[in-house]
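In order of appearance the chains are A, B, C and D, and numbering begins at 1 in each one.
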Amino acid sequence: MSVKVKTLDDLTLPPPGADSPLSTQEYFINMGPQHPATHGVLRLLLRLDGENVREVIPVLGYIHRGIEKIGENSSYRQTIHLVDRLDYLSALMNNWVVSMVVERAAGIETNDRIEYIRTIMAELQRLQSHTLWWGVIGMDLGAFTPFLYGFRDREYATDIFEETIGARLTMNYIQPGGLMNDIHPNFVKRTKEFLEYLKPKIDEYDELVSGNAIIQKRLVNIGILSAEDAISFGTTGPVLRASGVPYDLRKIEPYGVYGKVEFDVAVGQAGDSWDRYIVRVMEMRESVKIIEQLIDNIPEGDYMTVKVAKAIKPPEGRYYGHLETARGVIGCFIVSDGKDKPYRFHLRTPNFNNLWCLTKIAKGWKIADLVAIASSLDIVIPDIDR
Amino acid sequence: MGIEQTAPAPGDSNSNFLLTTLDDVVSWARKNSLWPLTFGTSCCAIEMMMATGASRHDISRFGAEVVRATPRQADLLIVAGTIVKRMAPVLRRLYEQMAEPRYVIATGSCTISGGPFIYHSYTTLRGISDVVPVDVFVPGCPPRPEALFYGILTLQKLIQEEETIGKPGYRRKPVTAALPPNMSIDEIKEEMAKLLEQQAIVKDPLKGDSTEFMRGR
Amino acid sequence: MEKAALLETITALIPNAKVIEEGVDRPAIELPPAHLPEAAKLLHDTDDFAFDMLCAHTAIDRIDDGKFELIYQLYSTKFHHYLMLSVKVDREHPVVPSVSSVWRIAQWHEREVYDLFGVLYDNHPDLRRLFLEDDWQGHPLRKDYRDDFMLTME
Amino acid sequence: MTAFSSFLFNYLNGVTANVYEPVSVATRAAEVWAHEPWLAIGWLALGMAVMLGFLVVIGMGLIYGERKIAGHFQCRLGPMRVGWHGLLQVIADTLKLLVKEDVVPAKADKVLHVLAPVLAIMATLLALAIVPATPWFQLIDVNIGVIYVTAVGSIGVLGVLIGGWSSNNKWSLLGAMRAGAQIISYEVSATLALLIIVLFAGSLQLSTIVESQADGWWIWRSHLAGIVAFFTFLIASTAELNRTPFDLPEGESELTAGFHTEYSGMRFAFFFLAEFINMFVASAIAATLFLGGWMPFQIAGLDGFNAVMQAIPPGVWFAVKTGGLIFLLMWFRWTFPRLRIDQLMGLEWKFLLPVGFVNLLFAAVLILMGWYFAPIPA
């Protein structure tokens, strides 16, 4: 058996008029690595016919930092700070998934207080991430002002994190066996204030953007991802739910204290950009609901159940755990050989899978639609490249 | 180019009043009109957006909200985030596409030293100063928006000191815009106020230590 | 389906499958590489399993055994059950059949594994490096990977 | 010097007694050309100097205003640090752009690359020349003013097209093509809207059109036709100006910077300035044709009110009307998202153009039947 390995140079343009009734010459154009629409250093190689997108070829690796290799050479606690920097908008959830797998592998127990705080923090982070996304999709569609509004509201959540955790973005807060430190005395009060502040703001989002005729024209029935395709591409999170598959790990395999709260899973119907948009807006309201149910009931207890100084050495084996971040399912796969460092440290990141459906759903639309579709997928590039 | 050149002796040909005044005016315009390029690779980019985008921090007060998407029109390259081997040529190219005068602020540990990705990473560059000449380093992982502002204010100070007409090619060694440790909030405020009022005593660079200088590019 | 019942049905349907008992936290089977495509098709299409989603695919460099262990994490959106598929290939000639015709996302997961481990996938439509440049030498996630640039703490 | 003193006299007289004699600078120069040629040249030089000053002040003022207004729309302050409330910000920007390196890409068509921004700014300057800002100040009063404005406006698109093509950059080319398609399409609707007022006023000359509105502005004197024409013109001119929601040629999130991707320094500033001056010209033309130009707001029967309105100098009226329209354009920009290219063309060819034609027909019927509020001025 001999396997042919290709390179980018193998890409060729079809002869004029191959894909369209007119005798037009297609051309390649690079969107990225530095392009305002790609939210980072994603490079999309586009094959265009005028304004029409014929093919999207994502070229990755412009922020491939080798986190899996570093993880293999770090102790279990050290891997936590690496995953912060993957999907930095879901940093706490990324901390949590590693902690979850390590806890399961090493048989570490946590208490209710820890799980309550983890859940609240995760939902706050989801809110923070979605407000940012809402601003960015506005900007990608050409309206600059939503961007500022989204960031304005995000600041309040950042303040809450900063007070308890000390960091604004890369939290490194949820540890195997507990939390880095206890919540700040003001935490409960300020979180409630934030929720009261945010609820009318979500309505304002609807008024400013969701109800706008141009926004709807740009999103409705554009970039349709069918449920079968969505599953086949392995998409998760709001992208999959927008296609009508009610797959939410918070509901299906409740972790943390999600089993104790009432909330609905926002599900779309058509799987177009608009559904992906509206599912996220609905999720914001659900997150508010979840936090409201939990914030008054945080039980007493320790915030850490194990000694931090002691190295964690899980028994030999292969462990896989996953949970729902703001963008989808993050999975952590750890292979332990009984030492204090993982033998193999692999992360199944949501954006990696979500990105690839772009190659299908953006085909045939215009460049402007490609930007809108990419934005509705809510991609964070370092999460893809790792 | 690229060769170190010693600074001229004190009082040498730069005592022209008109040129000095013109220098001041041009430097004033340049430092007050730093249009950044939209360039962010990872986490630091979010904090940079918090600084440039968010209404709380509001970079527009300094006239730097005109974020340009094309390097041709930008003055300031804020390198926000890790640069890996594959990205390095792109970064260099972006820098070269920018029109003179151009300034570079490197934010975050990754751009200074590689940050958390120094060991065992087969791609992450350990600092970007090999790729592009950096004017100001802003440490932090990621640096707060306030820290970025401090970096921008430091850069403004540097630009004001610069001799723009007589010696247009001079470029300083990079400066780290980090506040000293154990500073209280009040002291930071004082320092910021001082910078804002432009009353910081500017040492004449040409009459100072000549080793501070190095021919850029 | 319960774990035991699921494994029983699978082994009945795919005779080459060997159940992994130890060191896993979910139902797991091991397959010889040659039987991978047909087994994948069965797992995907049979209504009892309906493993329609490939959550993750990666490799483990078992350098002491001279093997690469390829891991496929499967999930069924219909029955909400999981399966871990393990395939061991020779480290010297790491060629396995591709499953990208069954799960579309496998195409890119396989490219990633090729890029970082050097496992070659037969019948892959577009086998290219994913993260590293096309002219990169070596495969960095192999345990014996060394280059001049990388700093190690040894 | 007699002419100067008589001008001063006329002006003061005009302000106090509301007796205006609309005479353009070019007319004054032509009058004295035969016997006092130097004075004629003086008039022209004065006119040009004022126009240049006007250009710079308007351009900078609009840029400053846009940034401040945008800032306040976005819950922030806008420029604050350079000068009092950032007043000197635009001066700093201009100075910086002046002394910035001017890059011409190696594989660009150098001649055309240099020519394009000049064309763009020239078109705006030519259009600015005929704007009747006040009765006593208009650079040149062409008797085919309306046609002149639309004709000169089309030179601007040449600048954009040439700029995008000569840059040898695919993003620039895409932006230029979008601009070409968009501006040429919307020009049709804008011209149709202007034609309606031409029909009502019975003249192509801008000063005559302003005078014809002494009894009431065309926007309400002409029943529905004027209002429809006004909004058509507003939409079409927003599209011609490449401003949100029609900013496709430079749509930042799609085409990096569109047609001026490869422009830097002063040449970029020319495009930038041209956009803002164009905004002024479009608003001024809309104010002149639909809102009565420098004519004060009058309500028949309310003599006291009318007297107060007339006491306000015409220049202020003009500035207020134009400023209001400019603010509206800025409001659009900071609220609306962007349309897609096919939706944009659909809006023009499937909606605005039919509406424009029907409206023209309707206006023609109105005039034939004399069904509008005041008689055509003789």
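Simple rule for what comes next: a residue touches a chain if its C-beta (ideal position, glycine included) is under 8 Å from a C-beta of that chain, and two chains touch if they have at least 3 such contacts.
Keep in mind that what you see is a predicted model, and the values were worked out from it rather than measured.
Common neighbours of chain A and chain D under the contact definition above: B. Distance from each chain's C-alpha mean to the overall C-alpha mean is smallest for A. Chain B and chain C, compared by their mean Cα positions, are separated by 47 Å.
Computed from the mean C-alpha positions, the centre of chain B lies at a distance of 40 Å from the centre of chain D. Annotation: 24 Å between the Cα-based centres of chain A and chain C.
Chain C and chain D have CA centres that are 65 Å apart.
Touching of two or more other chains is recorded for residues 35-36, 61, 64, 66, 69, 73, 148, 152 of chain A.
Residues of chain D found to touch two or more other chains are 74-76, 252, 256. Counting partner chains per residue, chain C has residues 132-133, 140, 152-153 touching two or more of them.
The touch graph of these protein chains has some other shape, matching none of line, ring, star or complete. Touching pairs of chains, sorted by label, consist of A-B, A-C, A-D, B-C, B-D. Considering their complex, residues 37-43, 45-47, 49-50, 53-56, 69, 71, 81-82, 84, 86-87, 90, 94, 116-117, 119-124, 141-142, 144 of chain B touch chain A. Partner chain D is touched in their complex by these residues of chain B: 25-26, 28-30, 32-33, 55, 58, 60-63, 65-66, 68-70, 72-73, 75, 97, 99-101, 164, 196. Contact residues on chain D toward chain A in their complex (touch as defined above): 70, 73-76, 170-171, 174, 244-245, 247-248, 251-256, 334-343.
Note for the complex: chain A touches chain D at residues 27, 29, 35-37, 51, 138-145, 148-149, 152, 209, 212, 214-215, 217-218, 366-369, 371. Taken together, the chain A residues at the contact with chain B in this complex read 33-36, 40-41, 61-67, 69-70, 72-73, 81-82, 84-85, 88-89, 132, 135, 147-148, 151-152, 154-155, 158, 168-170, 381-382.
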